[in-house]
Amino acid sequence: GEDDSSSGSESTGSEGSGSDFDLLEEGQFTTASSGLYKPFSFEEGGDLKGFDIDIGNAIAEEMGLEPNPVTTPFETIIQGLNSNRYDAIIGSMSNTKERSEQVSFSDPYYYSGGAIFVREGNTEIQSAEDLEGKKIGVVGQSTYETAAAEYTDDIQYYTSDVVALQDLTIEGRLDAVITADVVGFEAQNAGLEVEMVGEPLWIEQPSIAVRKDDEELLAAIDEALDTIIENGTYEEISEKWFGRNLLDVDLEGVEVLE
Amino acid sequence: MIVGKNIHKSFGDLEVLKGVDLHVKPQEVVVLVGVSGSGKSTLLRCFNFLEMINSGEITIDGHTINPKKEDLAKIRAEVGMVFQHFNLFPHKSVLENVIEAPITVKKMKKEEAKKLGMNLLRKVGLEDKADVYPSKLSGGQKQRVAIARSLAMEPKVMLFDEPTSALDPELVGEVLQVMKQLAEEGMTMVVVTHEMKFAKEVADRIIMIDQGTIIESADPKNFFENPQNERTKQFIQLVE
Amino acid sequence: MPDLFVDVFDVFMRTYQGFLEATVVTLELTAIGVVLGTVIGLIFALMKISGSKILRGIANIYITVIRGTPLIVQIMFLYFGIVEIYTMSNFWAGAIALGVHNGAYIAEIFRGAIQGIDPGQREASLSLGMNRKQTMQRIVFPQALRRSIPPLGNQFIITLKDSSLVYIIGVAEIFSLANREAAQSYQAFESFLVVALYYLVLVMIFTFLLRLYENKLDVDKA
Amino acid sequence: MPDLFVDVFDVFMRTYQGFLEATVVTLELTAIGVVLGTVIGLIFALMKISGSKILRGIANIYITVIRGTPLIVQIMFLYFGIVEIYTMSNFWAGAIALGVHNGAYIAEIFRGAIQGIDPGQREASLSLGMNRKQTMQRIVFPQALRRSIPPLGNQFIITLKDSSLVYIIGVAEIFSLANREAAQSYQAFESFLVVALYYLVLVMIFTFLLRLYENKLDVDKA
Amino acid sequence: MIVGKNIHKSFGDLEVLKGVDLHVKPQEVVVLVGVSGSGKSTLLRCFNFLEMINSGEITIDGHTINPKKEDLAKIRAEVGMVFQHFNLFPHKSVLENVIEAPITVKKMKKEEAKKLGMNLLRKVGLEDKADVYPSKLSGGQKQRVAIARSLAMEPKVMLFDEPTSALDPELVGEVLQVMKQLAEEGMTMVVVTHEMKFAKEVADRIIMIDQGTIIESADPKNFFENPQNERTKQFIQLVE
C-alpha cells in the first residue's frame, strides 16, 4: 500500500508525534526558512509561499502534524535550530560536510545548480576563472559564500539572494552573484536584467536539517519524504513552481557539492 | 531656647565656622549679619541639623543634642526654618503645603490639620489662597505661606535665612510685617537679613559674623551707633 | 517621478494588510520594551541613589555595559547566547532585549529627574520634621515622576524605532516585512520607502500625543 | 564558568586579527559619519535659525524625517535608493547614511547650543553697536561651538554603536564579523560576548577622553 | 540729549507703555522707579532699540530716529546700556570685553583700543584684572567691567537697568560709586534702581512709572517729601 498510504502514514505519524520525538509545539511541525528566497520561500500578501513551504506542508501532513512554517535570517538559521527555535530547517539548505557536523540532514529533497550570474550584457565574465578578484555578492553562511571565497576577497554579504541579484543590476556595485540557478531564473522572469554565465558550477543537495539528537524525527521525515515522492505529491509541487521535477537531474559527470 | 557652643564646621579644607558661641534666650529675636560667605547660612543650617557640626554642642530647649543617637526628624520639627527661595512644594496646594507635615509627622487628622492650616493662613493674610498652587503666588505670598507651613509644626524657635532677599522691593514689606507680628507674639527667632530697618526695629540683639566667628553682638542701638569692631564699622557703612 | 509614485502606491496597496499586522507587532514590542524598561529602570535608579556601595556598583556596571554596547549586539546575545539558560520565543527575546536595553536609559531618566529636584525641596521637607523616607515618598518622588513622563515618552519613540532591529532574530515586525517585500517583489527602494513612511507616521502620531501631554503639564503648572 | 572563560579566550585569540581590521572599519565609518554629520548639521542649524521661512521649513522636514525613521531603514533606503543618482560602494553608502542620520541630530545640537546662549549676550553685543552678523560671529557662535563639543563627543559614541547597523548592507565592520564568527564556529554566546567587549572598550575609551575634555572645559571656566 | 515722545509699546495684547513722554537733557541724571512690571526695563530697551516701539518718536542728540531707515547698530553705539546681569562675554578676558566693540565696530587699531581699554579699567578700578576672565570676578567687579565696556564706545547717554540688584549688599557700594563719579563727570544717564539713597544723592530728577505711564516726575527732595500721586506715596512707603 505505498501508493495509497495517506491514511496509513498518518497513523504512523500521529503515533510518532506522540511518543517518538519532542516537538516545539505538540502536534505542530515548526520549520524554518529565510523567506527571502523566491521562489523557494517568500512572502506575498502576508502569506509565506514557495516550494520549500509546500514541501514542508506535505511532509507535515504525512506525519500527521500541523505545519507551522516560520522565517529567520539565513545567517543564523542553524543557530536557531540548535537553540530550539524550530523543529527543522526546510529552507533550501544544502547538505555539506561542514554543516553536517552541526546538524543532521535528511535525503536531498531537490537538486539545484550553483551558478554565476552577471549583469545582462556583461562580456567580461565568461567563466568561473574570470571571477578572480571580482566583487561577488552572496548570502552569508550560504554554500555560495564558500564558493565565492575561492575566487576573491571582495565579497559583499546579503541577507537575501533576491536582493543581491537586484543589486547586481546596478552599475558599479557588483560584478557577479553566485546563487541557485532557479533563483536566478525566477528573477530573470520577473524582469531583472541578469544572466547566467555558462553552466552551473556544481550540483548541490538541499536537504531538511534537524538537530543531531533528533534521530527519530529525522527517520520520520525521511519516510514522509519518500512517501510524497512516490505518491506524486512531490511531482505536483515541483511542477507547480518550476514546470518540471527538480529531482530529475542526471548526476553523471557533474560535480556534486559536499 | 537654642544654644550653640564652640561650633566648628568645615567643608573639606574650608573651615566655615570657627568656634561660634550663640545663646538665644526664649522669646528673643536675634538678627545675624555679615558679608557674603561669612557663614551665616551655614550656622542656621547647623541649628537645624541640615548640616552636621564637626565639633561643639547644640542645645535646644535645655536638651543637648547628640545627632548620632537621636531621631533628627523629631528635633528638626522643633526648629522651623524659612528659606530665601521659599521651597514651597509645587505639587501641593497652599493648604496642602501647610498641613503636609502635621499629617505626615504628627499623624494629625486631616480635618483638624485643615482647621489649623486655615488659621495659620489667616494669620499670614492668605486665607483666600488656600486652594491655589504655589506657582500662582507672588514671591511675597510664597514666603508668607512658607512661614505658615513652618508654624504648623509649632516649632520652639524659627530660623529665617534671608527671607526677603529674593523678593521685589515692593513685596518685602508684607513679609517683614508677618515676621514682626510673630516676634511680637513672643516667638524665638534667629534672622539672617540685610534689612537694617527691620533689624533696628525688631531685633533684641544684632550679631555680626565675619569669617566664621562672631565679632560683634549688641542691641541695635549700640550695634549701629557704637560698633566695637573695625569690620563691623565697615559693614555698617556699606549697608547703610 | 510619476512612475516612482505609482510603484510606491502599488507596493503600499499590495502590502498594507500585512503592514497593519506587522505594526501591531511593532507596537507590542515597543510597549513591552518600555514597560519592562520602566520597571528595570526604576529598580536601578533606586539602586543608584541608594546608600549601598554594592548596589550602586551593580547599577553602574549594568548601565555602563548596556550604554556601551549596540542594541543589536544585545539582541543577538540575548537570543542566541542566553539560550543555554532559558529558551524563549523570538518575540519575547526581542521584547526582553528592548526592555533590558531601555532599563539602563530609563534608570538614567529617573535618576536625573530625582537629582534634578531642587535640593531645597528636600531641605524644606526635612526641616519640617519629615524623615528621609517620608521626604522621598511624599515630596521628591511625586515631583520626579511627573518630570520623567516627557523623557519616558521620548524613550517610547526611540524604542519604536529601535524595535526595527529585532528583525534580525526573525520577529515579524514592520522592518522585517519590508525586507521580505523587497525580496519578493524585486522592488527594494519602494519597499523601504513605504516602511519609512510607516515609521514616520507612527513617530509623528506619538510625538504629537507627547506634545499634547507636555502642553497640558505646562498649563497645569502656570 | 572556567570553561566559558576558556571558550571566550579561544574565540578572542582566533579572531583578534580580523577584529582589529574590522575595528578600523568601524572607526572609519564612525569618523566619516560624525564629520559629515557635523557639516550637514551646521548647515541645517543655520537654516533653522535663519529668517527664511522656506529654509526653516526644509530644515524642519529633514530633521523630522530623519528623527522619525529608524537608522536601519535609512541605510537600506540610501543603499537602494540613491543608486538612481550615483552608485557608491557599500562602505561609502554606510558612511553617508550615518552622516545623513547624524546631520539631523547634530543640527539639533548646534541649534540647542546657539539658542541656549543667554539672550543677554546678544543684547549686550547689539547694545554696543555691533550688528547682527558681528554679534553672531564674534559673540554667539564661539560660545555655542564650545558648548557643542561635549554633545558632539556623545554623538560620536552613539555613532560608534550605530555603525554596527551597516552590517546589513554587507560592510565588514565589527558586528558583521561577529555574526559570521558566531555562525561559523557555532559559538554564538562567546562570539557576541567578545564583540560586546570590543564595543564596550571602545566606548569606554572615548567616554574617558570626553570626560577629560569636559573637565578641562570646567577648569578653564572656573 | 535723549527724548521719547508718546511712546507706545505692546507685547501681543499686553500694552506695557501707554504713551510715555520723557525728555532727558544733556548731563542730566534721571532715576526711574516703579513697581515690578510697570515697564521700566521696557522703556530703557526701547531707547536702545532692543525693542521696537509701536508708535511715538525717539530723538537722540537732536536727531529723530526712523528705525526702518537707519542703521540701528550705529544708533545703539551712541547709547550705552548696563544690564542687571552684567552680560559680560565669558569667552573673552576683561580687557577683550572692553575693546571688542571699538575694534569690531569702530575698526580701531588693537594697540589704540588696548590703551583706551586700560584707561577705562583704571577708571573703574580694575586695571589689575585686565587679563582675567569674567568668571573669576565678583558681581561688583563684573558690573564695573560692564560699565567700562559701554563707555568704550563713547556713548552720548548711558542707560542702567537695575545695575546693583543682582549684587550682594556689600558689593552694591562699589558700583554706585563708579556711577556717581560718571554722573559728576557730566554723563547723561537714565538709571532704573531701587537704591533710594543713590537716587536722593545723585539724581537730578526722579520719575515714577506706573502701569506704563509716568505718574510723577520731580527732583529728589520734592519726590520724597511732597509726592503728588497716591501710588507714589504708597511706593515711597514700601521702599523706605
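A, B, C, D and E label the chains in the order they appear, each numbered from 1.
Please note the rule applied: a contact is a pair of C-beta atoms (placed from the backbone, for glycine too) under 8 Å apart; a residue touches a chain by one contact, two chains touch by 3 or more.
For reference, the UniProt names are B, E = Amino acid ABC transporter ATP-binding protein; C, D = Amino acid ABC transporter permease.
It should be emphasised that the depicted structure is a prediction, and the values quoted were computed from it without experimental measurement.
Chains that count as touching both chain B and chain D, per the definition above, are C, E. Of all chains, the one whose Cα centroid sits at the greatest distance from that of chain C is E.
In this assembly, A is the chain whose CA centroid lies farthest from the centroid of chain B.
The chain pair with more C-beta contacts between its two chains, of B-C and A-D, is B-C. Separating the centre of chain A from that of chain D, both taken as means of CA atoms, is a distance of 39 Å. In whole angstrom, the spacing between the mean C-alpha positions of chain A and chain E is 84. Measuring from the averaged C-alpha position of chain D to that of chain E gives a distance of 46 Å. Between chain A and chain C, the centres computed from C-alpha atoms are 37 Å apart. Counting only residues that touch two or more partner chains, chain D has 80, 83, 179, 182, 188. Annotation for chain B: no residues touch 2 or more other chains.
In chain A, 76, 79, 83, 159, 166 are the positions where the chain touches two or more neighbouring chains simultaneously. Under the stated contact rule, the graph of chain-to-chain touches falls outside the line, ring, star and complete shapes.
Pairs of chains that satisfy the touch definition comprise A-C, A-D, B-C, B-E, C-D, D-E. Residues 118, 120-121, 123-131, 134, 138-139, 142-143, 146, 221-222 of chain C touch chain B in their complex.
Looking at the complex, you find that chain C touches chain A at residues 14-15, 17-18, 21, 79-80, 83, 87, 89-90, 168-170, 172, 176-177, 179-184, 186, 188.
The part of chain E that touches chain B in the complex is made up of residues 35-36, 168-173, 194, 235, 238-239.
Interface residues of chain A, counted against chain C in their complex, comprise 35-38, 42-46, 70-73, 76, 79-80, 83-85, 159-160, 162-163, 165-166, 187, 190-192.
Chain contact summary for the complex, chain B toward chain C: residues 48, 50, 71, 73-74, 76-81, 83, 85, 87-91, 100-101, 104-105, 135, 146, 149-150, 153.
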